[in-house]
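There are two complexes below, and they share chain A, which is joined by chain B in the first and by chain C in the second.
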Partner chain A sequence: MSTKIRKLFPIILLLVVPCVLRAQDIKLPPDIESLSAKAKETVEVNMDGPMLRWASKFLSKEDPEEKEAAKLVENLKSIYVRSYEFTDEKAYSTAEVESLRSQFRSPTWSRVVGVRSEHDGENVDVFFRMEDEKMAGIVIISAEPKELTFVNIVGPIEIDQLADLGGEFGIPRLKTRPPSSKPLAKADKGDQK
Partner chain B sequence: MNSINQNPDRLEHALQDALRREDAPENFAANVLTRVAGKSAETEPQHSWLSIFSRPLLRWAAFAAVSTCLALGGIHYLHLQRERAQGEAAKQQLMLALRIAGTKLQLAKSKVNEINTSRPQSQPENRTPRSRS
Partner chain C sequence: MKSLRVAILVVCASSLAFAGDPEFHTIVKSIEHTYGVHHLRIPFLGVAMFFARPSGVHGLKLAVFEGFHSPDDTEAVRRVVEHSLGPEWHPFVRVLSRGKQNGETTLIYTNPTGNRMRMMIVNLEPSEAVVVKMDLSDDAIEKWLKEPGEEAEGHRHHQKVRDEDKERDRDKEHDQQMLAKE
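Our next item is the complex of A and B:
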């Protein structure tokens, strides 16, 4: 029996390792994972395919927002969210965030939006992953003075629909400030690395 | 009638004729017994299905079956309740994740819009295709 297992071990390893590597495609730096200890509020959401399917069963068909959400998650594979809110500024270092960003500087990922605001310190990066010219995933890294958010959505997703959901659920839509004489932020759009 | 009254012999003959002994027909007793048995079967009250519980063993078996059904039903109901609660919690998590993702995406959009609206006024000459969105 043990000899059979020994013979099968390389095959099992070949089957298991790619799955494990795929699951660990994106790693949150340990320093960032440990930020929950410093955070005033922490949101951690890990939802894989079966969990998403199951959760979406409980979405109401009458409620328009939930109906939209159900449509949105229909073909998704997983959703991972980490959001930390701190009482003080500089609870995390820029190097930590940079190490997170650097994972998406690969041919599979396209940096679609990169906003660096010196005025209010709100930095947002949006990365898309394309497969066969189709959207296969999105990563959002939002680094604000008192808040750090990382969102990873795997699977085809409608960006406009997702952005629309941001203004719902009782949260008001973010308003653009009136144009000022001085540029407040630097933005890169369509920058692919 | 008058002739009989007038002649007592004729009356006697008539009476003898009427009251003479005759043997019962064949199978008379058997027929009577069969009819009596049939009538008694018809008049006998029918037993209700509930009468099966008059036996103690069946009574206990029925009690045990009903108790088991109730217990299983209760467990199933609790399981459904728990599953629903977990599902609702998962739904809340999903909505929270989508809300956060949507809000951050809107933040990115608003920042880009902010830059787009502010740049033409302040630095129209420095605008590059890369900074446009």
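Our next item is the complex of A and C:
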């Protein structure tokens, strides 16, 4: 490394580190709001830590599924749901969804599920974030011809626990199948509780 | 004397829907001040809300602003609302429907304390705004937590039905006045 670069290294580090931290800390991708301008209907749900801890008290202690969800929710930091419904099938472009997905293609994020259905045009991607070798968040991007849903769950969560949260707080219910079959998962908003 | 008692009852009942709630009062005053509108005084509102409140809801307060021209940028309204509410109120759900003539925005804030959830709903239509404050029962809280988007949609539907009822009542009143004149 030349002396000049060595001198510049701390400055580069100072410039790069905040960008990396921002990338790890994505709550909502910056360009997601542009989809709202095209949508016939936008539904936004925000639940932060205190609200989630409070909400966990209202999940049924008798229903085993809800009991699991309550335990999980207590430790989460936040949940953000953005759902856009469009009038026309071509209201948003593939490039726009790809731009959303690309923000979760970084060393801290891994894609665990990717479904592309040519039959009904439904595409689902699930990304998870690792922090100190533990799962620290999950992002779901579900794109249908006339609907796009983005979910960001921030906090400790395992991929198999995602099913427990489906149907709560506006999170789509994920139908998971054995790893051998394809597709791996299917988002089904119509099958919520 | 009897009519005086009835009049006092009516005044008290209608003011019940508005009084005794500083947060609700602040938000109503902010909208009035910022957009130069006044909320409607609806006779019998307190009595009507006592008998016809949605299930799982109590402490319902309602302010209707007719002639409110919703700005193109509803973000400005959101800022006014959030400035009026304290930090203990959390933005929970926002629903935006686009349409040249029927665009609608619903902003929902919650204030969870102890075992109850207070909810403030601001609904903006092209020529009307409505502010609703309510306390939710456990059952209603569960519904809202499960399907926040659906519940917000449901609230908008109820709002529309209330608006239609109000319009029908006004038409009836107008017809009666015309008949009396004749």
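Observations
Criterion: the second predicted complex is superposed on the first by the 114 of 193 C-alpha atoms of A that agree within 3 Å, B and C clash if a C-alpha of one lies under 4 Å from a C-alpha of the other, contacts with A are read in each partner's own complex, and residues count from 1 in each chain.
One rule holds for everything that comes next: a residue touches a chain if its C-beta (ideal position, glycine included) is under 8 Å from a C-beta of that chain, and two chains touch if they have at least 3 such contacts.
In this text, all values refer to a predicted model and were calculated from it rather than measured experimentally.
Touched residues of chain A were counted for both chain B and chain C, and B has more of them.
In the superposition on chain A, A:Ser83 contacts both chain B and chain C. Residue contacts after overlaying the shared chain place A:Phe58 against chain B and chain C alike. By the touch criterion defined above, A:Leu100 lies against neither chain B nor chain C after alignment on the C-alpha atoms of chain A.
Looking at the shared chain after the overlay, A:Val43 reaches both chain B and chain C.
According to the touch criterion, the shared surface of chain A, contacted by chain B in one complex and chain C in the other, consists of residues 43, 45, 47, 51, 54-55, 57-59, 81, 83, 167-169. Within the complex, the chain A residues that touch chain B are 43, 45, 47, 51-52, 54-59, 66, 69, 72-73, 79, 81, 83, 113, 115, 117, 122, 124, 126, 138, 140, 142, 149, 151, 153, 159, 162-169, 171, 173-177, 179-191.
Against chain A, in their complex, chain C makes its touches with residues 90-99, 110, 112, 115, 117, 138, 141-142, 145-149, 152. The touching residues of chain A, counted against chain C in their complex, run 36, 39-48, 50-51, 54-55, 57-60, 81, 83, 167-170, 192-193.
Those residues of chain B whose C-beta lies close enough to touch chain A in the complex are 84, 87-88, 90-91, 93-115, 117-119, 121-123, 130-133.
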